[in-house]
Amino acid sequence: MTKIQKILIANRGEIAVRIMRSCREMGIRAAAVYSEADRLSAHVLAADEAYPIGPAAAAQSYLNMDAILEAARKSGADAVHPGYGFFAENADFAQRVEDSGLIFIGPSPQTIRLMGSKTEARKTMMDAGVPVVPGAREALASVEEAQQVIEYLGGFPVLIKAAAGGGGKGMRLVREAKELPRALEAAKGEALKAFGDAAVYVEKFIESPKHIEIQIFADRRGDAVHLWERDCSIQRRHQKVIEECPSAILTPEKRAEMGQVAVQAAKACRYSNAGTVEFLYDREGNFYFLEMNTRLQVEHPVTEMVMGMDLVKLQIRVAEGHPLPFRQEDLRPRGHAIECRINAEDVFNNFVPSTGKISYLKLPEGPGVRVDSGVGLHSEISRFYDPIAAKLVVWAETRPEAIARMKRALGELRIEGIDTTAPFCLRVLDHPEFQQGNFNINFVDRYWQQMQQSLPDEAEAAEIIAAAIAYYRDHQSASTLSPSENANHAPALSPWKTRALKTMR
Amino acid sequence: MTKIQKILIANRGEIAVRIMRSCREMGIRAAAVYSEADRLSAHVLAADEAYPIGPAAAAQSYLNMDAILEAARKSGADAVHPGYGFFAENADFAQRVEDSGLIFIGPSPQTIRLMGSKTEARKTMMDAGVPVVPGAREALASVEEAQQVIEYLGGFPVLIKAAAGGGGKGMRLVREAKELPRALEAAKGEALKAFGDAAVYVEKFIESPKHIEIQIFADRRGDAVHLWERDCSIQRRHQKVIEECPSAILTPEKRAEMGQVAVQAAKACRYSNAGTVEFLYDREGNFYFLEMNTRLQVEHPVTEMVMGMDLVKLQIRVAEGHPLPFRQEDLRPRGHAIECRINAEDVFNNFVPSTGKISYLKLPEGPGVRVDSGVGLHSEISRFYDPIAAKLVVWAETRPEAIARMKRALGELRIEGIDTTAPFCLRVLDHPEFQQGNFNINFVDRYWQQMQQSLPDEAEAAEIIAAAIAYYRDHQSASTLSPSENANHAPALSPWKTRALKTMR
Amino acid sequence: MMKYYLKREDRYEEIDIEGAGGKLRVSANGRHYAVDLVPIDEKRYSVVLDNRAYLVEAEIQKNAVHLLLNQCERVVQVLNPQQKLESEIFGKGEKSHSESEVRAPMPGLILRIEVEAGQEIAAGQPLLVIEAMKMENEIRAASGGAVKEILVQPHQAVERNDILIKIGN
Amino acid sequence: MMKYYLKREDRYEEIDIEGAGGKLRVSANGRHYAVDLVPIDEKRYSVVLDNRAYLVEAEIQKNAVHLLLNQCERVVQVLNPQQKLESEIFGKGEKSHSESEVRAPMPGLILRIEVEAGQEIAAGQPLLVIEAMKMENEIRAASGGAVKEILVQPHQAVERNDILIKIGN
């Protein structure tokens, strides 16, 4: 049994900070790596040690294997935690970490490689008796080959997916043949950027399923448990935005069945450490293996809150060689947890990325609220990386109470300098279909347009207050205003967008 | 069964904000009251409605019954939540709330009156078979009378306590006869200020006990449960600073016994709503009824985190007439929770109150961390009220993990503009006797002096960094500095106190 | 007492305000309001309006107050007497934003340009692709017309609101 | 390269610093350090010292840097060459703070004064009581002497550091 003393965290942003918190609590030193754009990012400020690894572009820093391994060597770390994204599911990286004599906190390179090849993964799952989505397993060489495969599957709609990927990157839904060439090109381009591998494949598109995934955990002896499910159906462009544990609709029997299948899947690929088996769950209650994520998920906190455990600490202990400290029947799940991703995106402008410097930050507090952020006051959100600025997670005794608590917490949150997905999340939580659990991965496409147009209330109060503020500013004594603020109210400040937004209260 | 629509919160600071959070989540409107000093305080900013009730001095605002009842009437609230302190344990107030046709969120005026008179409370408890500290039950009329009673109890040391009080106000330990006159006078003065009643009484002083209290909850039908204990032995001048649930040393048998006694106590005074039975727990495992707090406690969050419930919501539901939604055997306590009070006090200067304006605020985040604050950026901490600026609460699977997590969270917390008790809490958490559970209410008196003098580490890094900063500031281009900052580094800024503090890392 | 003017749809409504130091009385539509307004910092105000409490963020532009109130962003057109006078003298004010410029909705890197100068395009047609935060974002034409000028090229970094393409009719 | 001076106990130690823009090389005691220093705001700096990362708060006073580093407050006496020269010319600098003034350790209200002008007092003797945050705080004499002057009276509000009583020897 190794005792890990120092971990190099081969990541950035909120997940790097999240991992450092567990390190700190375990008395393990945390070494950060950073690109030139990240010198003042939260994960550097939170670290015990920090190593520069190159220019801002991820391909030259966070996806620069040599630079990261050199930082690991220089730091004297005995383990590397990859977080999610970047090299988290890169078997070569895991192999090189192990070849350097360090512990890779995750499954073995062999398992990552197996599950990272979506085609190999499908085959392994089918052999293990895990239900899969109908599709072809080979990487697509050309548009013509794609067309043949699609005919064999029964035609459109189909999904083009990155063979090396996950998280919606390099994924395209194609409903008609004429969209195919552009979709293939775009998917390959994104796949190359995100994973360093342009290979894509195609599978049957299941109409309007829920995305339900099972968190599994396995130790190095081969023991494995499942830690209930997460419903991650609230997605936009295949990017999860709201996740919850447990699902609003799963029966205990179905949970047990899916959990058992997920453990089977884990054992079939000799899994160890934290992993997630993603399923599409259709309207008849059928579920299909989608992919296995061989890493910690963005949405792991909802599982942590319901299970009452720290998955990062558990990852580290398992990586040290410890057996799982509990059996399936020891688990004591409690209540309901919801996570909202606070992404730097302008939800009223087609979710375009919103970059800028955080000029004001007020975090929600109080019972059942957890914030995992990767930013602070004065943080710069750059165009180079993922848009996740923070994750807001709540726990409560029941799902309706968790929804009410999340609305309360979102109401307390205030981030200035960037636009965020908070207004989007508030509207979803307010939607009756969400509240009743009647939603699938098409929820956003179906309802967002109308949700945006909700009318404001308190319009009268707003008018009176606006007039009062104008009057107040006109009548402040000149001495208390800076010269530029004097005549005719104040000059134009940063232009706010004109929006009619529904209030949450 | 009433459905409460609007609650007037007859309090301020963190507890008012805490109650408002539950109101918001339940769809109940929250009406604040505020003194002239509190116009911009956090509880006003968080409220749906706000009513001025008088000048800054508490006696003219938060202890002005007419003003508060008038605000309640004007607001159209159907219930009043008293929080803790102020009128929370004032039977006349509860009576007047009920006479106004409103619901008082707490026990009946009769119960408050009974338990509020420490002498009557003792008698009731003795009759119900609850063990009590030996002492006299009558208010002391003179120094001479006090001396007689003390002789009867077996002599010094004794405690002088406010008959109407709690929370350490109006309390004095007297070890020698010559200290008695001054102590009596001081206790009476504080009692009058804090509770509007100068009556004090005397009881035997139990040497070096733990302070262990049992949270109880009763509904209006008379059903009562206990929600485990809190160990609140880390106190200074009878003010709790660190509290935890469960206690580090209680056996399941002792917990069951004390819980059963606490439920007996609740039933003996026809209790309803949330209450706390405080015990002194001596080195032999004997426990003595100290007092019953007929209100929500400052430290209720540790119980909430371990029990997985929201005690304020439960208070409101029980006040509406709902029965308890669980039985004793349904409770599912989990893990360990610790609270640190972040008071505005200068711990290195005899804990004198520290007033000022909060100029920078960074809250801790991440797994298992909860913040309940009553302040925000720009908040003014005035000399008029309790020094609690915020409560920092953590939960973890085990006590050692909770301690590590609290140290991590305190390390992330940054409040500027006032001094706080955070450095004190860090040192206590680091102390081996605290970590082993070997502490009683004398811990602070016994160890604080030596803990203050702990030496800094990283002294070398500090010197190099200080020199580098001096050089950097000297060599910044003149144009980037304001005129006053130019020559010879910067001019004197706010003077920091010179302290050698031990690091937590 | 002073008269201010609230713009509602196309007309201005008179509103009377008096008071000082943030303790104001406001009359509008025959209703009277007591307003207690206290600034917290440069942008934030605590407003108690007839005992209803609001934490308000406000930015004032020439003829408008931009508000954030209970997670609701709103723009309220409000003029003081001088501004009202100016608006009557100078008319409707600034021209509307030109429809013929395609601007960058975000900072990013131009990946591909899918049209050429001179080309006729239809509304909704893809014009170019910007990469930001690892996602490809397709920029489409808001209306049809002819591409007059392309001001960027592939691999060029652009800032939000940079003009990318000019389209004529 | 420039020489700076670190005060350790009673003597100054030379320290060599060179570099620009926060990328510095520091030599002290024969050891060499690479310092990467970047300001975050007016008080906060991110410092990477030989790959060790520190989030530092610093305030600079005339001859000292006040630091908060890992929850540790420290004052480091450091002089630049000009300050070193001045300190040699002008000597030890300011006088030490007078021991004969009793100052308010906190803002509050004077409740009682327990001594009179002219009275002889012993170290530790209660002088007066200040109320703040509902607690009574007894102020005691740090050393013995005679009460020279009482500058406050009961029910008077005082600010932190106000002089309350002067004590002579």
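Letters A, B, C and D mark the chains as written, and numbering starts fresh at 1 in each.
The rule is simple: a contact is a pair of C-beta atoms (placed from the backbone, for glycine too) under 8 Å apart; a residue touches a chain by one contact, two chains touch by 3 or more.
Since the structure is predicted, the reported quantities are computational estimates derived from the model, not experimental observations.
> Pick out whichever of the two, B-C or A-C, is joined by more C-beta pairs in contact.
Pair with more contacting C-beta pairs, A-C versus B-C: A-C.
> With centres defined as the mean C-alpha position, give me the chain A-chain D separation in Å.
Chain centroid spacing, chain A to chain D, equals 47 Å.
> Between chain A and chain C, what distance separates the C-alpha centroids? Give it in angstrom.
Averaging C-alpha atoms per chain gives centres 31 Å apart.
> Show the residues in chain C shared as contacts by 2 or more other chains, in ascending order.
Where chain C meets two or more other chains at a single residue, that happens at 52.
> Quick one: which residues in chain B touch 2 or more of the other chains?
Counting only residues that touch two or more other chains, chain B contributes 48, 377, 411, 505.
> Which chains touch, pair by pair?
Taking the chains two at a time, the touching pairs are A-B, A-C, A-D, B-C, B-D.
> Can you tell me which positions in chain D touch chain A when the two form their complex?
36, 38, 40-41, 46, 48, 51-53, 55
> For chain D, which residues are in contact with chain B within the complex?
Within the complex, chain D touches chain B at residues 2, 4, 6, 15, 17, 20, 22, 24, 26, 28, 33, 35, 37, 43, 45, 47, 49, 52, 54, 56, 58-62, 65-67, 69-76, 78, 80, 82-83, 105-109, 111, 131-137, 160.
> Using the touch rule from the top, collect the residues of chain B that touch chain C in their complex.
Residue list for chain B touching chain C: 31-32, 39-40, 44-51, 74-75, 377-378.
> Help me check something: in the complex, which residues belonging to chain B touch chain A?
Its residues touching chain A are 17-18, 21-22, 24-27, 48, 301, 304, 308-310, 313, 332, 334-335, 362-363, 365-373, 376-377, 396-397, 401, 404-405, 407-408, 411, 505.
> Contact residues on chain A for chain C in the complex?
Touch list, chain A to chain C: 58, 169, 186, 189-190, 193-194, 237, 344, 346, 349-350, 352-355, 360, 383-387, 410-411, 416, 422-423, 426, 456-459, 461-475, 488-505.
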